[in-house]
Amino acid sequence: MDVRAPDTTVKATAPVIAFDKITLAFGAKTIISDLSLEIGRGEIVCVIGPSGCGKTTALRVAGGLIPPTKGTVRLLGEPMAGPRRDVAIVFQDYAKALLPWRTAAGNISLALEAAGVAQSERGDRIRDLLAKVGLAGHEDKYPTEMSGGMQQRIQIARCLAQDPAVLLMDEPFGALDAMTRQGLQDEMLAIVAETGATVFFVTHDLEEAVYLGDRVIGLLPHPGRIGIDQRIDLPRPRNQLETRETPEFLRLRRTLFDFIEKAEH
Amino acid sequence: MDVRAPDTTVKATAPVIAFDKITLAFGAKTIISDLSLEIGRGEIVCVIGPSGCGKTTALRVAGGLIPPTKGTVRLLGEPMAGPRRDVAIVFQDYAKALLPWRTAAGNISLALEAAGVAQSERGDRIRDLLAKVGLAGHEDKYPTEMSGGMQQRIQIARCLAQDPAVLLMDEPFGALDAMTRQGLQDEMLAIVAETGATVFFVTHDLEEAVYLGDRVIGLLPHPGRIGIDQRIDLPRPRNQLETRETPEFLRLRRTLFDFIEKAEH
Amino acid sequence: MRLSRLGRLLASFAVAALLVWGWQLIADYKLVSPVFLPGPDRAWGALVKGFSTGDLGVKLLATVERMFWGWLIASLIGIALGAAIGTSPRLRAYLAPMLEFLRPLPASAMIPVAIAVLGLSNGMVLAVIAFGALWPVLLATIHGFSAVEPRLYEVGRALGLSRASVIWKIALPSASPDILAGMRLGLTVALILSVVCEMIAGRDGLGNWILLAARSFRAPDLYAGVILLGMLGYITAVALAVLEARLLVWRNRAR
Amino acid sequence: MRIYGSTSMSLAAPSDIVAAFFAIMFDGSLLLATRDTLVSAGTGFAAGGFIGLALGILFGLVKPLDRLMEVTIEAIRPIPSVAILPIAMLVFGFGYRMEIAIVAFSCLWPVMIMTRSAMAGIEPRLLEVSRALRLSTWDRVRKIVLPAALPRIMVAFRLAASIALVVAVTVEIAANPLGLGYGILVAQQALQPAVMLAYLVWIGMVGYLLNAGLSLMQQRLFGRAGRVEAAS
Amino acid sequence: QTALNIGCTATTDCASAAVALEEGIFKKNGLDVTMTLIGINSNIPAALLSNSIQIGGPTPSVFLQAVDGGLDLVAVAGASSTSKATFDTAGVVATEASGIKEPKDFVGKKVGAPGIGAFLQVLFSKWLIDNGVDPKGVNFVEVTFPTMNDTLKSGAVDAVVTAEPMMSRIIASKTGAPAGYFLETLPERRPQIVYASTREWADANAEALKAFRSSIDEAAKIVNENPEKGRTAISNFTKIPMDVLSNMKLSVADPKLETEQLDWWVATMDEQNMLQAKPDTSTLIQK
């Protein structure tokens, strides 16, 4: 059930994320060069590209974790000044992004504490979120006692706990099996539909990009820049079986595959 | 070019990995129950299963990192007594498995040092390996300066440096984009074909499992046990475009998908 | 589980007993002059006598109290200061040079100055103990803070945690193994300095007892004091280890 | 700071301290004393540090041994070096050897404790890597354990370095007639508080330089490994 | 030439040895002597036993306690002894506020002494006993010489048992006033410092010992007759500035040592329960 307003009206308002000629260099090495990009409210933009092309770096810039070397970033209309609480980030290296001294519940609770949610409410919220990511009953496990996929889902739950207006996700479903992944994809679409959140979604799974996105952006490496900006006009709500079998889906997938194939040189 | 002996003759010899009624428990919780499994020389066995079902745990048992609570493991005909140098392990959490104080080259060198390769030879070997995983020219980068996919490939290169008779790989291509991944899949098949190595390959990508495997084993959760043991009789050498389009491939993929779908409950 | 723990503890005590037995042998065969090394039997005798007829108990208590408060003050200041320095590069730039200068000053050599400034009071003694025991805690805390996984600081920033929350919820727990190791050392230093202060500043306590025994060449009494120190050290170490085991459950479950 | 008319014998005006400092600096006694203290503190530090490091690694690697020795070590550790001074003096007499022995005894524990706890903090996955590669014990220590624990071990060594100086000076004050501590003692007994405080300030400076040198060495020698703190 | 290391504390009591060194008397008698300044008197017996020094200058109380504790030491000569002329070089100084005027006033008061069980405190206690006061009623704390004035001023103690040159400084700064000269009533010629060595060394080095004794005899005369020489030698040895020393009386050098003198000390210490057994003083002075 897609309750979002149609894309066109959304686009009319100011972009939620706006990169204006971003350049980013580590020392002498330019990682991202002259990147401009606008993401409208409620839009889901998937980013693909060969390994090491700068996807994570672009996401970190969008999250305010690193300032661009040149150019400006505007977030929700304001110039970027560091990370914000209404912008949630799912890190690629989930194994490092969880507090090893807190249980699953404790890690999710951290976001609630940051938002000032009363202690009495937290328990229910945490149980809800754990159920959403398919980990009901695992609240008392420490990260070291969880499998890779479980850790990744805890991180996702923590981000959802932030009730974010913007979701920056770096290969969030990378460690999940097909079914769990599909479940979470739909879960995410539902949440976005409900809350109108804007999503910047890095993935290396082309089907995932097409299935989720309103737009798929392909980055080219050395230095990172936009190589393709593909609108995905598949109707919503989408369906894991039907959508993936439509000719349009297969065509888009093929387009992106060709892009990646060329980008690899 | 497939230079391996046909599977049938291989199977006649003693199994390389033999699980005999393995049970593994952490404290009171049984993770794996009564698992028996034999993998023949040169066989590529892919393991799939829902997140948290015990794939990583099974791989760690096979690698001698954790002894089973009950049952016996035999490796290359001998009872398991801890890890061996001719068994290479690719860990799922690549971000933690690299030495942060060594460069890409240094991390690969570690395996060569362990094997007693002379200093003079190492340079060439390292360059070779880096080229194999598509990271030529990145030898002087530290893990913190590399993208997730690059780190993962360094770990793979380190394992290849061991010249292993057995490869235990835990979602080794999980953080890679489609093209890099396909390149490495073929690279791995070539290496296995050349060296006759035996492979235990955990993945959550069903197509990958079918494409690579001689056999795909599906684990069921709570506790981990074998739910499906599917032979893959696709002819070798396989081809990324053609093989993936054969009806047999699609049928196998469907079978596994159905399995995973059911396993999720 | 329980039983094996008990067994290990017993084995550990057995090793200690073995060493005491070695000590007895050295004393029996007079490998070292008995004037300076009496056997454990004589030391034990002196210990019992000190408790039953003397005021060894009172002295022990005085030392324990001194050590505890000095250590507590040192730990609190050390953690607070370490947290401040560890999270603020500016503060670090300001304070580091002065701290690095103060650190190697021998606490024992400071005593005369401390007496001149603070008088011959318990406050002076506590200040000296706290001064000495501060460094292990401070250094470990600063290090612990700098060793926090950078990704976790980013998590804190992304969640919009306040600076206090970042310290309290991310940096402190992450640094807690370091801090606890520092506090362990700090406790030892506090005990040593309590004894030294009692020796130099003439406060009543075990140090004083040891000093007087050493001065009047009553070796068994001296060793009685040393044995007490050893026991005291062991008991406090066990108490800290229990605390540590509680605080660091997460680390023991790592696979 | 000067309290006029005071006859305090432990305080002196800064100007007097400076004057005293130059006096002992130029008659050579300060440098000679510094050398003596540094030699004994340095040797004791090296010996104690090495033993502490070795024990720390041993106990970190071999858990059963660690538990076996626990009672003994925890009981010996808190014994103040001052308390064993009479014995050390009897065994070694005055001079470097006694001081070195006591300094080594004092440095051993912090290094051991912190090394052991540093080893507990090593990312378990790295230890598994070393097992999977079947590194020899020596290689495992050299290539994985030490670099991973190095940042913490360096903290232990820096702490031990200042402890070495403090203990050396204390021993010199209490018993051993050489070095800076002896200089303090003589000045104190000769009723020259300015000289005494000059020594004290100098000790602070020496310690500061020592630590700065150690930090520099840490960066030079270990470069990256010393700085990568993320291995926790 | 026999090498010989002599260890003494920073007092004027070892003036005879210092003068013998300064004036070349040791050298003349075939001894190659160095003198080591030792911080705490009670370190001397251990230093002797470890052969770090061959001859040391312990106070009789340290010497007797060491012997009582089982160390095989012998006295080889006297260094200094009490005398009517020097009774005012040590005393007890009390603050105005304490109201201490006479021995009985010390009961219940806090008194700082440079070492509990050390020379001055033993003699002060004896003085109290002789005046009918039980020293157990006095609360002794240890205060080192250099911190005495500050400690007294801060009110942490009511009185300090002290000696020159500190005493006159404290009195001059009006922190406190003399409340008793406890050396005054002592008999003459009670040793304050004795020269001692291990019995083993004394037995094995009879020649050197003889040379030492004759050197000390000669130097003692110089000290007693020509105090300026004594002061110069002491200043060189202890680094105490001459302007401090020049206002100070030197202890009387007294190289002769007899059994009765030690007996007096044994009796005094026994009175205060400082000895476990009664040492046999007849064997304690090397023939």
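To keep things simple, chains are lettered A, B, C, D and E as they appear, and every chain counts its residues starting from 1.
One rule holds in what follows: a residue touches a chain if its C-beta (ideal position, glycine included) is under 8 Å from a C-beta of that chain, and two chains touch if they have at least 3 such contacts.
Nothing here was measured: the structure is a model prediction, and the numbers come from that model.
Asks: Among the other chains, which touch subunit A and subunit D together?
Replies: Output, common partners of subunit A and subunit D: B, C.
Asks: Can you identify which chains form the pair with the largest number of contacting C-beta pairs?
Replies: Looking across every pairing, the one with the most contacts is C-D.
Asks: Round to the nearest whole Å and give the separation of the Cα centres of subunit A and subunit C.
Replies: The answer is 49 Å.
Asks: Distance between subunit A and subunit B based on Cα centroids, please, to the nearest Å.
Replies: Going by mean C-alpha positions, subunit A sits 28 Å from subunit B.
Asks: Taking each chain's centre as its mean C-alpha position, how far apart are subunit B and subunit E in Å?
Replies: Going by mean C-alpha positions, subunit B sits 84 Å from subunit E.
Asks: Find the geometric centre of each of subunit D and subunit E from their Cα atoms only, then give the gap between the two centres in Å, rounded to an integer.
Replies: Whole-Å distance between the two chain centres: 36.
Asks: Listing for subunit E: what residues touch at least two other chains?
Replies: In subunit E, the residues touching two or more other chains are 46, 49, 144, 146-147, 150.
Asks: By the touch rule stated above, which residues of subunit A touch at least two different other chains?
Replies: 93, 96, 145 - these are the residues of subunit A that touch more than one other chain.
Asks: Residues of subunit C that touch two or more other chains: which are they?
Replies: Within subunit C, the residues that touch at least two other chains are 33, 36, 112, 115-116, 149, 174, 214, 251, 254-255.
Asks: Could you list, by residue number, the parts of subunit A that touch subunit B in their complex?
Replies: 26, 48-52, 55-56, 92-93, 95-96, 134, 145-150, 153, 171, 174-181, 183, 204-206, 257, 260-261, 263-264
Asks: In their shared complex, at which residues does subunit D touch subunit B?
Replies: Against subunit B, subunit D makes touches at 123, 125-126, 128-129, 131-135, 139, 143-144, 147-148, 150, 224-225, 228, 230-231.
Asks: Can you check the complex and tell me which residues of subunit A touch subunit C?
Replies: Residues 63-65, 82-85, 87-89, 91, 93, 96-97, 99-102, 110-111, 113-115, 142, 144-145, 162 of subunit A touch subunit C in their complex.
Asks: Note which residues of subunit E are touching subunit C in the complex, please.
Replies: Touching subunit C: residues 42, 45-46, 49, 62, 65-66, 68-71, 112, 115-118, 141-144, 146-147, 150-151, 154-157, 274, 276 of subunit E.
Asks: Within the complex, which stretch of subunit C touches subunit D?
Replies: Those in contact with subunit D are residues 8-9, 11-13, 15-16, 19, 32-33, 36-37, 97, 100-110, 112-113, 115-116, 132, 135-136, 139-140, 143, 146-150, 174, 177-178, 180-181, 184-185, 188, 191-192, 195-196, 199, 207, 210, 214, 222, 225-226, 229-234, 236-238, 251, 254-255.
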